[in-house]
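Look for chain A in each of the two complexes below; its partner is chain B in the first and chain C in the second.
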Partner chain A sequence: MKIFLALITKELIGFFRSWGLVAVVLYSFTLDIYIAGAGIEMQAKNISVGYVDETGGGMSQKILSRLHMPEFQKPVMFNSREALSRSIYNRETMVGIIFESDFEKNLQKYKRAEINLLLDSISATQSFQALQYLQNILLEYADLKYPVKLKIHKLFNPNATTSQFMAMAEMLSVITLLGVILTAAVFVREKENGTWEIMLLTPVNPKLIILAKSFSQVIIVMAGVVMATGIVLFGAFDVPINGSLFAFFLLSFFYAFTSAGIGLFVAAVSKSMLQVAQLSILIMMPLIFLSGAWTPIHAMHPLLQDLSLISPLRYYIEGSESIFFRGTSFVDLWSYFAGVILLGSVLYFYGFRKIGRLF
Partner chain B sequence: MADLELKKITVTHKRVVAIKDASLRAQEGEIVGFIGADGAGKSSLMHAVAGVASFEGEVVFKGRTFRSPKEAEPLKPLIGLMPQGIGLVLYKNLTVDEHLTFFTKIRNIPESPSLREYRQRLLEMAGLSPFTDRPAGKLSGGMKQKLSLICTLIHRPKLLILDEPTTGVDPLSRLELWDILDEIRKSEGTIALVSTAYMEEAAKMDRVYLFDSGEIIASGTASELLEKVAEYSYEPTPCTTRRCITTMDYTYSIDPLDAPRKTPTLEALFFINALREGQQIPHIEISDRENKIAVPPVVMEAKGLTKRFGDFVADDHIDMQLRGGEILGLLGANGAGKTTFIKMLLGLYPIDEGELTLLGKPIKSAKERRELKASIGYVSQQFSLYKDMTVRENLHYFASMHALDIGKAQERISRYAKELGFEKYMDELPSDLPLGINQRFSVAAALLHEPVVLFLDEPTSGVDAIARSQFWQMITLLKKKWGISILITTHYMSEAEYCDRIVLLKEGKKVADDSVENLYKKFPKAKSFEEIFLHYYEDRI
Partner chain C sequence: MNSGVIAAYILKEFKELLRSRMIAIVYILPTMIIILFGYGIRMEVTHARTLIIDNDRSKISQDLTVRFQNSKYFDTKVVTGITLKEALESIKRAKTDILIIIPDRFEKELLKREKPEIAVFVDGAFPVRASTMENYVKGVIFDAASTILKEKPKNLVTINNRNLFNQPMRDEDAIVPGLIGLILLVAPAILSALLIVKEKEEGTIFNFYSSAVSRGEFILAKIVPVFILHSINIFILFLWATWLFEVPFRGSFTLYWLSSELYILTSIGIGLLVSVITRSQIVAIVLTIIITIIPGFLYSGMLMPISSMSGESKIEAHIYPVMYYNHIIYDTFLIGQGLDSPKNRLYLVILLFYALFMLLLGSRLVKKETG
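Up next, the complex of A and B:
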């Protein structure tokens, strides 16, 4: 136990003395998560609108007046269709609306009229959100025979803001990435500095060395989790906590060991920090893609859906989501815990064996 | 007027002064030697002169002055630089011939009969003409250095800058390198700046500059310099005054001593300079070990130990015995298989063939080794210490790894720090300390658990003369007070003197294994160990 503590102390001293590493960890657990939450926007926001009005006003202006902040910028008038097209081509305008000269007449006379809509659909989500808004506006002008209205009850996330979920998903990805890289680094740094051999020659059980070294990094990751949850999730984004915070930290703790296990594997096959970085990214990307952090799992190809079952991050994200938003009770979280612990022990054991062979 | 003149050159790396106000002059055809330890500023000055590093001051060469690498650009065709490190400028998959062609092409030298003739002459001087088809990766260390040298010479530079060309090279190749240099400077009138870690090579230089921690402390011909210090050098006697120091084989004193004088070597200059500056040179001491042990008569026995890396045989059936309480010197050039051998002993490399008995136990499994780890101390080539922990933290860490009681560890650490003279550096990071201090504190770390046998891999490489002398004092004291066995590798042939027995490795094979006295008896004409070993290299080619 004394040796175990000495090993951990040594790693922690080493960590705090390397300013670069401390800075990376601090950044990842604060600003990086904040940027992910605040910066990735799925909703229509601040969309530039241009129009050509050949009707001479009336209905067209009424419709245009409904386009306002925060979703749309003030519509800009163009004199010709060509000018509007050019503006869209130059990425100055995202949505172009053309009211043809017979629009007003058709509307009055036949109760039917068409508006031409030009959409820059490169950023598909935003432009289709814009389209949806426009349709909703027009719907109100349409004279329907059987008007059915939707009354919406938003559950778990009443404002339907994506930032809370994005911030949380980013935090979980950061935990994964740092868990792997930090753990791999404590071993590979010894290889790089030539202290590896000295470490091998100490009469300490290699198992104890591996365990203590990876545990020290789990401690650092956990400190980061507490910090990120407090400052970014609760502080900056007001993420609700409907379940037990303790359950979340416990789940994170098991998960940190899972990523440490991947880190052990990376450390076993890498000779330099550069290789660690490359390999970590290579392993992490599919893990994160398959986890549902960026794409909902039900929207994936069926094969990928099956594959996502072996991504421990999936259970971690779903579990955390349930704790924060759904407020699932501790007992009902067992499936997520089971997923993380099961996959985690397999990965940790494999990494442990792999690096143990180098001793 | 001098053909080459350096005026007050100062080189700084990140606010650390590497060399300060260095001035020198040299004439056509002269060999100028730079002697000093790692970090003394030799390389920095060389890079400044070669026009590859920025500096303050000015360099005048062939009547043209430059103050920066940019201004040096027009002179580059006249300069040849061979950086430190064996085979660093070579490409291991290119053959000897392809190397020469490549260096001709990048220097833009037109093909001509005189070039062909010159090229052939270089190959012959280097003794490489039979090996023109051999890839550089398959050459021995000495051959690599010779190839690097002739590649640097192919454009007939008028200023040749060689950074430690002979370090770690076998004695015969070293002689050959000097012969090439001598011939070239005579036929081409080249000025050669050569740095070296070997004091013995000073005799071959026209002018010697001694470097010590960023300063040139003395200059002149070797004999002039020796004359200057002759009056301060004595046979070893106990010191009575403060301005006096006793090493393994000399006593240097600024105040006159009542003792017989002894002809000094250039090393004396470093000691006397330190004494003049009033530097405190810590006195090395070792007290008895706490736990008495009986050292077995044979500590380590290797029979036919072999290690292969692919086709390459690093160690070829080596038999060796390390007896109780002896200092065994494992000597050889770089690449001779010394480090590989030690690593096999320690279990860091698996043994391909042969038997190994350590402390009376045959070694087969990793588990048998772990039990022995507590009796073995090891210091590796780079003094592997944790760079982000202070000296004290490092030592405490190693103490707890050996499960030493905290109180006892504390006491031992402070005792070693005092005895080995690194007490005042306890709270500093190893990377901020001189190599000599790191060397002694690495040994202290290896001694914390009071081992029975100590393996030291190149502990004196690059360390300054004073630290080296203190190191050998420490080792001899350890043997005397603790009675433990010490296996030490080195490429300084002269250090063989301090060992009890010598094993000489050459390209993975054992070529000599004898006690120091017997070797002297065998070669009564040899003046130094350098010359004794030369026989072994000449004999079996």
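Up next, the complex of A and C:
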């Protein structure tokens, strides 16, 4: 045990001595998560609108005045359809509205009229949402007296802020990234420098060395998790915590071990840091994208759905989401814990064996 | 400059790259990313798992539920006699996306014009999906309601819309060209980031310090192999996009190819800069990943159009090269204005200067005693 602690201390000192690495890890657990959370916005917001008004104003201006923040920017007037269309082709305007000259007349005479809409639909989802916003605005304008009332509740994330969700997803990706790369680097660096042999000459069980080395990186990652949760998730984004925080840290701990296990495997098969870099990304990318952070699993291609069952990150993300947003009780989290622990021990054990065999 | 020396040096770098068995990964990685993301990211919502609790079981309420059952957007299950708590629990366990509750006496109140209330619960864990589903539900219910509307609406304005560039609003068309911009930013940067810092860490950089090779020759030898290897990816990615994902290609291939080459140079320049300023490989790797992947997503216009940005993010978008490249890429794939558009010409020139600037900056910072 004493040797174990000494080995961990050695690794931690080594980590803190490399200030560049400390800075990068600090950055990933704070600013990087903040930028992702604050920047990635998938809801259509602040949409640029241009219009050509061939009527004399009046009704058309009344409708335009209903387009406002946060959904729409202030509509910009264009003098001709060509100018409007040029702006859309240059992707400076996303929504182009054309009021034809008989618009107002139709509205007064027949109580109904049509506007022409040019929509840059390259960003399909955003364009679709923009269309929905516009339709809602026009329906409101028509002041239909519907015979039913609709009361819509959004559960778990009532204000539907993408930022909270993205910040959380980015934190989980950072944990994966650093868990894998840091662990792999610790071993490969010794391989590259040839200091492994010296370690093996010491009267310490190699298994203990491997365990202590990977454990030290788990500690670094966990410190980062605590920091990121406190400063970025709670501090900057006010992420709600409806479940038990302890459960989240416990789950993160198991997950950190899982990623360390992947790191061990990467370290065992690579000879240089270049290989570590490329292999880690090669393994991590599918892990992150099969996790359901970007697209819910049940909306994926069926083959990818099956594959996602073996991604430990999937269980981790679903578990964390349940803890933060859904407030699932500890007992009901067992499936996520089981998923992470099961895949984690398999990966860790495999990595452990693989790197142990080298000596 | 001595061309013989450069050629020999380039050959050496090439051999080292080939020997590191990483050549496969240079080609596997981009292909894997485009396939995973291309199939994996689904923004549009279909088959939302909907649970309708019909407490009324009248003709009108059944008319309404049938509308949900007939829509491809919903996978509807109509149940009776389960409690609200059980139903909410099913959302909590992520088994259901939408819960709709039709009250008893729904038909009676409707006919008496008492405005009965339908309650809808939507799983909000994925905000974009949540608001899309909300709008679907609104659409179906209001559409049904308007068929039994008594009075004629006044001021009804309908939309005659034309979807430009991505007429069927396919997710693939929206995402795949942007992915090329992400991949060609990340992959060459990572490969080149390690080139110099590796020599620093291993000490082999002293071979260069003490040799007669000049700084320019050294940099050239380092970047040429990466550039050539990744240039092939421009064609591979093009094939995946047009053949596998069936994204239309409406612009000029020359423009696509030319801007991609410039963009790869920019990416190599970023990697080079990281390689020069860091001291250990691990820092270089993590730093490169962090500074390329997130901005590659954020400022690609893939998730959010540049025109919707404001304030800081708009400024940041103009600082990174992604925006310029992606504007051209989306143009070549979906719009097809090519070099006729002054904006494309301007952005191409900006890319050129960006690449030159990054490479120059990187090579200026390499230390070498000149004597």
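For this structure, a couple of remarks:
In the analysis below, the second predicted complex is superposed on the first by the 351 of 359 C-alpha atoms of A that agree within 3 Å, B and C clash if a C-alpha of one lies under 4 Å from a C-alpha of the other, contacts with A are read in each partner's own complex, and residues count from 1 in each chain.
What we mean here is this: contacts are C-beta pairs under 8 Å (C-beta built on N, C-alpha and C of every residue); 3 or more make two chains touch, one makes a residue touch a chain.
Everything numeric in this text was worked out from a predicted model, so none of it was measured.
By the touch criterion stated above, A:89 is placed in contact with chain C alone, chain B being left untouched.
Shared-chain residue A:52: touches no atom of chain B or chain C. Of the two partner chains, neither chain B nor chain C is touched by A:220. The larger set of touched chain A residues comes from C, when the choice is between chain B and chain C. Applying the stated contact rule after C-alpha superposition, one finds that A:268 touches neither chain B nor chain C. Of the two partner chains, neither chain B nor chain C is touched by A:333.
Contacts of A:18 after superposition: both chain B and chain C are touched. After overlaying the two complexes on the shared chain, residue contacts for A:112 are found with chain C alone; chain B is out of touch. Under the contact criterion defined above, the residues of chain A that touch both chain B in one complex and chain C in the other are 18. On chain A, the positions that touch chain C within their shared complex are 18, 20-21, 24-25, 27-28, 32, 35-36, 39-48, 59, 63, 73, 88-94, 107, 111-129, 131-132, 134-136, 138-139, 141-158, 160-162, 165, 170, 177-178, 181-182, 185, 189, 192, 271-282, 285-286, 289-290, 294-296, 298-301, 304, 318, 321-322, 325-328, 332.
In the complex of the two chains, the chain B residues touching chain A come out as 343, 346-348, 366, 370-371, 373-374, 376, 378, 380-382, 384-389, 393, 396-398, 400-403. Interface residues of chain A facing chain B in the complex, by the touch rule stated above, are 2-3, 6, 10, 13-14, 17-18, 193-198, 200-205, 359. Here chain C touches chain A in the complex through residues 20-22, 25, 28-29, 32-33, 36-37, 39-47, 49, 88, 91-94, 110, 113, 115-132, 134-135, 137-138, 141-142, 145-146, 148-167, 169-171, 173-174, 190-191, 194, 198, 201-202, 278-283, 285-287, 289-290, 294, 297-298, 301-310, 313, 327, 330, 334-335, 337, 341, 343, going by the rule given at the top.
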